[in-house]
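Heads up, the next two complexes both have chain A, just with different partners, chain B and then chain C.
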Partner chain A sequence: MEKGYEFEKRFREQILKCSRCGFCQAVCPVYKATLRPALNARGKMLILKEVMDGKIDLSEELIESLFQCTICASCYLNCPSGVEVPEIIKAARRDMAKKGILHPAFLGMEKALRDSGNIYMDDEPDIEGGRRVDKAKYVYFVGCVGLYRETEATDTTLELLDRLGVDYTLIDEVCCGGVLEDVGLDMIEDLSKRNMENIFKSGADTVITGCPYCFRTFNEREQYGPLRDRGIRIIHISQFLKDITFDVKTDKIVTYHDPCDLGRHCGIYEEPREIIRKIAPRFTEMEHHHQDALCCGAGGGVRGAFPKNSIEMARRRLKEAEEIGAEVVLTDCNSCLHNLSNAKLRRQKFRIYTTPQLLVELMDQK
Partner chain B sequence: MEIQGYNMPEDLYYEENHFWLRPEGDLVVMGMDDFAQKMAGDIVYVQLPDEGKRLKKGKRFAKIESGKWLGKVYAPFDGELVEVNEELETNPGLINEDCYGRGWMYKLRPDDMKDLEGLIHGKEAIEEWLLKDIEKYAKEG
Partner chain C sequence: MEDAIRDRLIEIVGKENYTDKEIDLISYSYDASEHHHRPMCAVWVQETDQVSRILRLADSHKLPVYPRGAGTGLSGMAVPSEGGIVMDLSKMNRLLELSIEDRVVVVQPGIIYDDLQRALSPYGFFFPPDPASGKVCTIGGNVSTNAGGIRGAKYGTTKDYVLALQVVLPSGEVMRTGTRAMKSASGYDLTRLFVGSEGTLGVITEITLKIDPKPISHCTVQAVFKRLEQAGRAVSEIMRKGIVPSVLEILDIHTIRCINQMTDIGLPEAEAILLAETDGFTSEEAEFQMDKIIETFKENGAERLIKAETEAQEEEIWKARKSAYGVLARIKSNFVLEDVTVPISRVPELLKGISEISKRNEIQIATFGHAGDGNLHPQILYDGYNMKEVEKMKKASRELFELAISLGGTLTGEHGIGLSKAPFMGLEHDEVEMDMMRKIKRLFDPNNILNPGKMAL
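And then the complex of A and B:
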């Protein structure tokens, strides 16, 4: 039995604080999709306690439980004992990865990111538009999902920035690297350096991103400290757009899905709603919203490692949109957009897109 | 016919991105071939556009995804999308299980059935094309 796991050193007291009350089970998206107690936060804390007690060791058998967490933080925010489950899970994954125990979906991920610069190992970004200039006030940082999967959403966001006359530039960006830490690996310094060099070179004082995960990585991770040290602001597109007056309206029933990375992790709930309420008088919340919003199932590597359950989580979310009769489901995260769009059933006739996409559509209808 | 472990029925037509086509009356059934489904791994999503969608030869009309791979489905000819395999909505893994049977994807109506003639067909043509692609993808690793 290996001793001295980092997760234990850092979080032993936290794990022992879990009183097994089960509040987490009520809000865990993985549990709701699978109905397996070993997969909710309480189950994971019990497993880690067994590891700390020397009864079991971190092994391949634990991949299914410990890697099946979207890091949505619903459990943490609903835990009466305040157990920081997302950080504990990430630390345990890190201990596993150090032993070479990784979900197969993430084997070779570091090399792939070094070689290709994006999580999909794709050659070239698939976006069509966007402005590239030597110097600009803003850098627009797209993120991997927006560059390689939800390219229509990205093209439309760039179109909106163009129409607004924003002095921005795209850069030769590579993956922010944050996802590596989520799945137990180390961030790659070369990637963060390349991104920062390109941002510095542009002379921008603000980075706007449509990706809540990149937003968090730039604002929180040590590797991106030099950005913050130079006083460069990193804002989410919803923060940028909220003070702009858009002279457009829709009479459709519009709802909004809070991305975990933007909402629960960063507390950004109102900025997107400020924009949406101005353009959609029939804005309606789903049953779960703000801090209680259901996770779309894509985060924490779950979309890559457990796609079936990931889609099931997204379907549960879309059921709520259906229940309120939504005609438009907005979300300001390309990763959520991707998973929700993949999960949408053909009989569900609502549209799913980002707020910039709705804005441009309404502008075009004028 | 089996070519280096890939099942490639020789009565089918193939387009270069590894989708097979089979005439069925005035329609053409389309699906992913064995080589592509094995290369892609577990399929997790298949876009099923609305029936009636107009197809323009060479234009993308749907997407298909495995864990980390995104495939684009291009129209093999001008025509119309007539039917989709709705079972794939909840069970896209059918493509991996039975790519030439229950895992079929679309039924298309070509403007001109003769357009099939431009596709890869016949034992020799299939073999030559597949062997080249096996080599190409082996090089790309």
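And then the complex of A and C:
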């Protein structure tokens, strides 16, 4: 057996602190969708403990558990022992990837990203419009899901920025690369360099991201340090919009789904709600919200690797929207939007979209 | 394993509800105790008939079967210590019937405790036992371990609420016990025999519970006592005065210090802190009782007395008690959380004795728990990879059990015997009683396939 896995070096104490109380089972979206303890955070910690004890080695058999985590961080925030499960999982995946043990969905991902610059290996973004100028105050950074899948949401957001007269520009963006670390791979320096060069070239002092994950990556990852060093502010679209007064209203019952990357990971709960409350007096929370919000099931590579369970998680989320009689489900993450939309049942009559989409719709109705 | 048995199990539960994958076998090896052992396979059952067919199969091959809920038990009762089949009941999680008029609810064993409460809440009713693991644990697990909780002083434990059961016996026969009537003097109380039997006699597949209207008013107070004796006297006097607090919790000095070390709650360093709650259907009822408690606290030298006037203050008071488990869990890599219980008046002696055990064995023990029903939680902190500390932990545990028994108490108030306390059954139960328990076990389970090795049976 190979000695000295990185995950053990970094997190041995943490893994041993898991007291096996199982409280994570109450909040783990993968467990809730499958009722399988091996997929819960406790199960994952036990597996890694047995690896550390030399009882088993990192192997293909562990992929089903260790790669089936959306990195939603609910377990971590509810753990009496404070075990940092998401970071531990990412580290273990890295050790596995180094040995060539990777979920098939991520084999060749590095190469694909290098070649195409996006996670879908698509040729050209499918969005219409948007502003492209040499110099601007803001860069609007869309993110892969918004550029290649949820293009309607992106088109509408760009339309909103145009109507507001925002001095922004799109850039020739490539994937921020953050997802690579989630699935055990290394960030690609070439990609981050290209993004930063384009941002610098625009002269912008602020990057507005449409994607909470890009927001995190730019703000947190070492590779994007030069952005921060130059004093460039990175904000999420919800933070940008919250101070603007929109003279529109809807009498529909509107609810909001907290994306894990924005909420639990960055603590941004109120900005989106500030906007929504102003335009939707009948705003209603689902049973789980803010820190307790249910994960949509898309993160951590789970949508690609375990689509069936990913959709099941999204269904559980939408059931809560149904229970409160929501007519509109808003979320400010294209990835959540994508998964929730895919999971929506025919009988569920609510609309699912992003806050900018609702804003533009209301402006048009006026 | 013999392929034939695997094929039969798959035939019964379906391919998607059978597993012998390494990841599942590892996760089913453990519960919240320090014990672990790998099973041969695990099945998720969804119907009573499947349970029956599996037990019949296992019985004919003398294969051990371990019923399992959420696996949050602290004594190893769900650990498949002799290999065999783990039977996960978490998919049998439906609420079958709720009758407010009859004040009963009928559930499948896999229903999560909190989900049951959520279903009762709109009617103003609740299931009073309140284990700390309520967000995750299953009602089947609660019944099998006779789970308790913080409000035991007033509301008792699970056994006080189980009216009837459907149980599958190792022979595969399905038996109904009890009645949904509120009272019954009819024959042996087999329902009660199954409560707390830790899955050693049969697999519970349906549970009828008595439910109570939920009091709508309550008062909360926290009092600090410089000396442990003062707190002990206060508890005794509350009992003597005929007050029935819904909560009467105690934190000892070691717990207080750990909380102060690990959080910014900032408790005064004293030998004991008591937290009391009274409840009622009118605020007068709750206040009347609370006034008497406060009076008693003052008479016994309580130093800092805080009565919660707002919900926020109430939360603040509870924060210390609620943080205890988590705080203590973070101090060392391992711990055992005991639940020895003594007659209420002996709580101060128990606490003193625990301090002495801690000193004598040079091992950290912090204690908190339910002073109102004599049930304390000494949490022994140690490093599981340091054999010396493991030995000290074992010695301290034994001394703790001896102490509780010497004070007229019991090994376990609410966590059960499982594997952890099996070696100590003889301390509490004489040979005649142990022999009778073994005979009962053999009567129900002649081939000893159900959760073998637990409870020293």
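Here is the rule we use: the second predicted complex is superposed on the first by the 366 of 366 C-alpha atoms of A that agree within 3 Å, B and C clash if a C-alpha of one lies under 4 Å from a C-alpha of the other, contacts with A are read in each partner's own complex, and residues count from 1 in each chain.
As a convention for this text, a residue touches a chain if its C-beta (ideal position, glycine included) is under 8 Å from a C-beta of that chain, and two chains touch if they have at least 3 such contacts.
These numbers were taken from a predicted model, which means no experiment stands behind them.
Student: Is A:R230 touching anything from chain B or chain C once the two structures are fitted on A? First, second, both or neither.
Tutor: In the superposition, A:R230 contacts neither chain B nor chain C.
Student: More residues of chain A in touch with chain C or with chain B?
Tutor: Chain A has more residues touched by C than by the other partner.
Student: Determine, under the contact definition given at the top, whether A:Y148 touches first (chain B), second (chain C), both, or neither.
Tutor: first
Student: Just checking: does A:K193 make contact with chain B only, chain C only, both, or neither of them? Give me first, second, both or neither.
Tutor: Neither: A:K193 stays clear of chain B and chain C.
Student: Let me test your reading of the model: by the given contact rule, A:A105 touches which partner, first (chain B), second (chain C), both or neither?
Tutor: first
Student: Using the touch definition from the top, say if A:M121 reaches chain B (first), chain C (second), both or neither.
Tutor: first
Student: Figure out whether A:E64 sits in contact with chain B (first) or chain C (second), or with both, or with neither.
Tutor: In the superposed model, A:E64 contacts chain C only, not chain B.
Student: Does chain B (first) or chain C (second) touch A:R346, or do both, or does neither?
Tutor: A:R346 sits against chain B, while chain C stays out of touch.
Student: Is A:P80 in contact with chain B, with chain C, with both, or with neither (first, second, both, neither)?
Tutor: A:P80 contacts chain C only, not chain B.
Student: Quick check on the superposed pair: does A:Q25 touch chain B, chain C, both, or neither? Answer first, second, both or neither.
Tutor: After superposing on A, A:Q25 lies in contact with chain C but is clear of chain B.
Student: Which parts of chain A are touched by chain B and by chain C alike?
Tutor: After superposing on chain A, no chain A residue contacts both chain B and chain C.
Student: In their complex, what parts of chain C are in touch with chain A?
Tutor: 21-24, 26-33, 44, 70-72, 88, 90-91, 112, 114, 133, 135-136, 325-326, 329-330, 333-335, 384-385
Student: What part of chain A is in contact with chain B in the complex they form?
Tutor: 105, 119-122, 148-149, 304-305, 307-308, 311, 342, 345-346
Student: Show which residues of chain A lie in contact with chain C when the two form their complex.
Tutor: 13, 16-17, 19-23, 25-27, 35-40, 42-43, 46-47, 50, 56, 61-62, 64-65, 80-82
Student: What residues on chain B touch chain A, complex-wise?
Tutor: So the residues of chain B in touch with chain A come to 42, 44-45, 48, 50, 65, 67-70, 86, 89.
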